[in-house]
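So the structure is just underneath, and the comments pick up after that.
Order as written gives the chain letters A, B, C and D; numbering starts at 1 within each chain.
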Amino acid sequence: MTSESSPFDFTVDSLGPCRVPSPLNLGGHPFIREGSRTLVNSDLAAYQEAGGDLDTVPSMETAGPREHIFHPQYLTRAAIVTCGGLCPGLNSVIKGIVETLHQEYGVRDIYGIPYGYAGLADPQEHPPIQLDADGVDTIHMQGGSILGTSRGNQDVELMVQNLVNMRINLLFTIGGDGTLKGASQIYEEVKRRNLEISVVGVPKTIDNDIQFVGNSFGFETAVYQSTPVITAAHVEAHSVYNGLGIVKLMGRDSGFISAYATLANPVVNFCLVPESPWHLEGPDGLLKAIERRFRRKSHAVIIVAEGAGQHLFEGLPQRKDASGNLLKYDIGTFLCEKFREYFHARDIPMTLKYFDPSYSIRSVPASGTDQIHCHRLAEYAVHGAMAGKTNMVTGYWNESFVNVPIPVATYDRKKIDINGPLWRSVMACTGQEKYFDPNWGRNVSPA
Amino acid sequence: MTSESSPFDFTVDSLGPCRVPSPLNLGGHPFIREGSRTLVNSDLAAYQEAGGDLDTVPSMETAGPREHIFHPQYLTRAAIVTCGGLCPGLNSVIKGIVETLHQEYGVRDIYGIPYGYAGLADPQEHPPIQLDADGVDTIHMQGGSILGTSRGNQDVELMVQNLVNMRINLLFTIGGDGTLKGASQIYEEVKRRNLEISVVGVPKTIDNDIQFVGNSFGFETAVYQSTPVITAAHVEAHSVYNGLGIVKLMGRDSGFISAYATLANPVVNFCLVPESPWHLEGPDGLLKAIERRFRRKSHAVIIVAEGAGQHLFEGLPQRKDASGNLLKYDIGTFLCEKFREYFHARDIPMTLKYFDPSYSIRSVPASGTDQIHCHRLAEYAVHGAMAGKTNMVTGYWNESFVNVPIPVATYDRKKIDINGPLWRSVMACTGQEKYFDPNWGRNVSPA
Amino acid sequence: MTSESSPFDFTVDSLGPCRVPSPLNLGGHPFIREGSRTLVNSDLAAYQEAGGDLDTVPSMETAGPREHIFHPQYLTRAAIVTCGGLCPGLNSVIKGIVETLHQEYGVRDIYGIPYGYAGLADPQEHPPIQLDADGVDTIHMQGGSILGTSRGNQDVELMVQNLVNMRINLLFTIGGDGTLKGASQIYEEVKRRNLEISVVGVPKTIDNDIQFVGNSFGFETAVYQSTPVITAAHVEAHSVYNGLGIVKLMGRDSGFISAYATLANPVVNFCLVPESPWHLEGPDGLLKAIERRFRRKSHAVIIVAEGAGQHLFEGLPQRKDASGNLLKYDIGTFLCEKFREYFHARDIPMTLKYFDPSYSIRSVPASGTDQIHCHRLAEYAVHGAMAGKTNMVTGYWNESFVNVPIPVATYDRKKIDINGPLWRSVMACTGQEKYFDPNWGRNVSPA
Amino acid sequence: MTSESSPFDFTVDSLGPCRVPSPLNLGGHPFIREGSRTLVNSDLAAYQEAGGDLDTVPSMETAGPREHIFHPQYLTRAAIVTCGGLCPGLNSVIKGIVETLHQEYGVRDIYGIPYGYAGLADPQEHPPIQLDADGVDTIHMQGGSILGTSRGNQDVELMVQNLVNMRINLLFTIGGDGTLKGASQIYEEVKRRNLEISVVGVPKTIDNDIQFVGNSFGFETAVYQSTPVITAAHVEAHSVYNGLGIVKLMGRDSGFISAYATLANPVVNFCLVPESPWHLEGPDGLLKAIERRFRRKSHAVIIVAEGAGQHLFEGLPQRKDASGNLLKYDIGTFLCEKFREYFHARDIPMTLKYFDPSYSIRSVPASGTDQIHCHRLAEYAVHGAMAGKTNMVTGYWNESFVNVPIPVATYDRKKIDINGPLWRSVMACTGQEKYFDPNWGRNVSPA
């Protein structure tokens, strides 16, 4: 998952030296030492091969409360903005930021920006909402974002001017790849104007595709939420002769949700992700593979990530959404059509049920350990921001919370290593390779 | 819900007089008296107006175990078939039939017919499965049908011949309108051949649209299951500016699920059912109503039954599914398209999320009191069949289980009375009438 | 369930003739006709045997909105009080009352009394809370009562004086047997003082033991909630050799929850309720029955209602709770002790797991169709109160909402008829009778 | 969590050199390199302070499939045994072991030992069950253990003799501290007899208290399961005046479940664990703290780990369970009694509700990401066993699966560091410290 000869600069930007004592009452718990670093890689051989020079091995800044901070509590006015699509735990992160600022650092001026960057660009239309610990007490039990969200870019200079007008010195952005890039642009403009505003992100990606941040918040809950729909697909497929259940899950460029949902629900027979190539037609294509599966088991369940099989649409024009994300062609309905055609042409009975549950999966609150993860990411984001860190996101790496520069986190998307153990487990769990193999059917008697 | 001058003949057909003592050990509980009747109507005025002649008021045969039965246990071979779409509780009904036959009546030869009438028409391709109490012990915890199901009619003479070949004298059919009509045809053919085969149905309709049978099994569970998806629609709609969540639910001709789901989830703002007319365009149309709602609340949640608004497709050709049901045009995606066009043309921001959860709602097991309802309907179906009743279904009416002739149950569909208290509650719950009213917006200041 | 020669007077008390037109906008839906009655019994034979005189058969007042009402909207000030133990749906009932008063009848002065009758007796200590439709919008999603509750009686004259001081003319009491008897006392005092205050109850009893009101609100949800704990008891019992899972459920005098929970979860092997007698010791006692069960199946699951087996404590002193309810001895822990002693003395290995989930079952919100039931009971309570009805509760009987005099509803507790079909189904489901039978084990070889 | 100057020897025992090629078809995925090590500590400073000698820093053997293995597939006969209390995911681990052996390594002789070590000691009484991939296909959806379990030690020589008699060369033990120590004794006896039997454990501890293995399987699910009961406790406490909800959770010596459940459910006001000391009496005791809480908020929710507050029972005799675990005194009921006495004596109204949900939490199946964790731990246990590793357990550490010697894993229990960030988060979440502080109440006006 990491490279020893890392091209990445893990140095976190900072507004300046920490100059005031932290008001944080740790009750005997120690502050984090300045200069604490967490190793990027826990594989001993990697270090030995690199010659073992500990001063050059890649490491990240360990996150945590500092004995001295940059922003004095009495001067601090914070703003929180949530952008992009919904994700479990958004409200838990908002709650975590507000509670840590309010109860731990004694900050009283905390504002929620409505409807994402759109609200930051136009506070007249969408006035900020004052937040305090009481107001966020139970919001973790609701899905969605109490602040509202929106897609798309806004004028960076305008947003920074609004931050200045509102006298904000801490901006927390909760969003994905595009949101974080926007945060970096805000940081650049803040720097150009020589302002003392910390820009700190909590990376949100239900696809779990942001690098160096560990499992993103909401991902665990999304995997839990996949169970009812996959169970339904299996029941529907299993209750008719040659039943085919197709479930489209999130995953534009990375198939983590599909892979984890497959492993968590071992009734899935085929898992199709963007990282792994496959054909539709031909003797080793998907259509033939399902036909082989029907001959043996009379039913099949397919999980397909929304970004899988985009090569099948080659030649068609490209489209983008409001956030600038390349719009994927709808592989789910495309597969439905192709399966219907294929089996109809061959006069093979087949009943297809299609499931597209994305909104139901992403709009629930985070629960259990994921709930904790959201809150703690938020706590550490506040610690970083109060210490004057900027242009950074909070991550969790090798059992430590870490501060990661936004450019590192957004340099490239995290993807499934199809030669690694996760994908290997998916192959073992589904056994799909054998159905794709044109020779497999010949030597095996039906069971 | 019923008419005093009923056109219905509630007399249940029978193969002949009950001639053998029931092997049922009731442990001191009384058998049902022959001739027990349950009043169709519990409204006293109805009787008084009718002149109060108790011998002519409509009543149904009260169901229950009889002291004497028609089919001797040692001659009895039963078959169970499940047809049509899935519905919560199918396996519970199967379990109830098998357990009552096996444990109560001591019947040992019980067969499950695979894949609906298709299996009854072709037992070579789909051989029957022997069932006993142990084998069905935990099937109520699974969704779907362990027997499998299929749509469509089959050759009636062939099916009856197969019943004869398998020496079946009890046929239990679990299915909807079409299935029950098929069961009636089987009954006619059985009668024509002078066979002693009881044909007894357990009416299955997730739409709850079968007459004189009370709430159909699975309906209660379906209402429960609607909550997560409606909550998701509300969260998605509420988390953006002018968010619109549209949920399509089952309901081809009757909107019961939509109405109940609305009442059970009072975040729904519009409930559209087949029984209640509405326009799309114009000052009192749905598009305008949503625009009014946005001006006041910035979000809306719509539930639309699949059979609602079919008048909008007038002039388009009619299509049928394998069961002969008229295929509905897809009102859900149609509305999505129209809303997008409408708001785009007016340059009003709007974010639409569409939910089509039908398969997820219908493929779960029945739970709680619905689980009990399934089992008890099955018990009473067995009591009826063993007593030689035929061409009947089991229902629940005015707190009693009743035997209902199939022709009565399938004479017409049960529909929401839009002048009755149920629909009145839906209107009160949603307040949708005011948004449809072109004059309403003018006198009210935005709140 | 009822007697034709009914000792009950179903006439509902009223403050006087309805004198003002209802402000209710029914949108074309009809008002309920004055004098509408619902038959108590739907069994035709009962009428025929009674000679068929329709004017004397027992019937109840059909509930619903009346064209004329007693309390003018502009004079109306309503109070709501919740008393006794928690029950699913309390908040839904509060919401239903507030919304119907506010949105339908235009009543603006609605007060919640905190902490039950204690709050009504001492409004200085616990000041009333003003309620409106917005404030109760989402309370149905929370368990418990937003008003708080308490047990026990309070000074009736004091409570009535406080109603007068607060100028309340509608009092809604949500509570069980004791609460309703208290409401009747308030009604008597109101009558003595010649006040125009309607006292209307919504009967709350998780035990489902109030007569003539159909299934009480929250009961359906309680049955649903029993599933996880019964499943846990079964898993624990099944995972060890001679495992015994004992689940104590609510049911002081009536075992409805235990009976329904057994039927809804057919892994239960023994269901013990107050209505059905059994021994502990001796050849036909429970201890021996479990030993027989272990010999055959190596595990057993028992559901015991809290009021079952109280005869085992005969001779011990009686105790009462704050509401005056006779305190039951703890049959659950008593059984645990006896089982441990019995098997230890016989050197038979046995592992016992005890579950007492009552609070977890009763503190959830109502859901699905039960949610609807709560809201509609509340709607009809408001219709009754506005029409000047008093000393009554709302019920649901033979598919109609009805107004029932409190003295009728509280005359006696509803109990399981152990000669009726419900208990017969429980016996069939558990098969427990054979294990109690000392002769059964002798003739059957272990299976 | 780890010490640089580690007293631990992380060298994993082995039966001998890997001598046969692995039959595993990795489909292009690489085998794990011999000698791969995972760093115990990811804190860079730890290495720098230690002088940076990479050859001496503590590291663990990285787990995974090896190119050569020790046990030839055709000679391999495996046994699986589950011991001790239930835990979510037991069946998932069994499924993972069987599937990996069967489908990946082609092993056909796999036996489940019934009822834990009791079954291994007496196979005549409890004959082994043959297992294959089909038989375990859906067991992950059930709680408990399909094999059954038991507590307590058995004769080690007898168990080893039975392994020899059954010609077992792989023994998988799934259990906690005591079970693993038993496995080590089996390993010693195996070694003494010079047998080629691999003894490999999958550590089971719902308390999450085993060292160097990361989060144990089932722990995540247990945290999820705590939500309904804690919500119930909060609803009950909140619905009465001075309501007190007490929830006892698992945690004999380590309070991880209590701490995580508190963070996952931020309605908890007090979290009491074995690691953190507190008084009952006195001005800074728990009784007074609750009294202070009531004065401000009129309700409180306490989570107490079963092993907390054992110092309050000092002087009482020690008792042990069948597994030799020291039996804890029941802190839950003890607290109930003390609270009742305290508030009764002071005439302060108080309503207490006590919850003891342990069995309900531990008897569910693992779900979501926890389900995946179970299966993968099992896969790696098989890889280790096939490679001839022995006297080891599988763990997950710094993002890698690792092989850990049993003596290291069981050397001491993992405990919450009350000076570390986890406990700090719990203190911030509950704010309980201020209620314990006798001076806090004096300066703050009631809010």
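The rule we apply is simple: contacts are C-beta pairs under 8 Å (C-beta built on N, C-alpha and C of every residue); 3 or more make two chains touch, one makes a residue touch a chain.
Not measured: the values here are computed from a predicted model.
Asks: Between chain B and chain C, which partner chains are common?
Replies: Touching chain B as well as chain C, we find no chain at all.
Asks: Which chain's centre, taken as the mean of its Cα atoms, is farthest from the centre of chain B?
Replies: So the farthest one, by centre of C-alpha atoms, is D.
Asks: Please compute the C-alpha centroid of chain A, do the same for chain D, then give the distance between them in whole Å.
Replies: Computed value for the inter-centroid distance: 29 Å.
Asks: Let me have the rounded angstrom distance from the C-alpha centre of chain C over to the C-alpha centre of chain D, please.
Replies: 42
Asks: Approximately how many whole Å separate the CA-defined centres of chain A and chain C?
Replies: 47
Asks: Note the residues in chain A that touch 2 or more other chains, in rising order.
Replies: Within chain A, no residue touches at least two other chains.
Asks: If you go through all the chains, which pairs of them touch?
Replies: All touching pairs, sorted by chain label, are A-B, A-D, B-C, C-D.
Asks: Applying the document's contact rule, which stretches of chain D touch chain A when the two form their complex?
Replies: For this pair, the touching residues of chain D are 1, 26-30, 33, 35-39, 42-45, 47-48, 52, 54, 57, 59, 62, 64, 99-100, 103-104, 137, 140, 220, 223-224, 227, 260, 263-266, 367-369, 371-372, 375-376, 379, 397-400, 419-421, 423-425, 427-429, 431, 433.
Asks: Within the complex, which stretch of chain D touches chain C?
Replies: 86, 115, 118, 126, 142-145, 148-150, 228-229, 231-233, 235-236, 238-241, 353, 355-357, 359-360, 363-364
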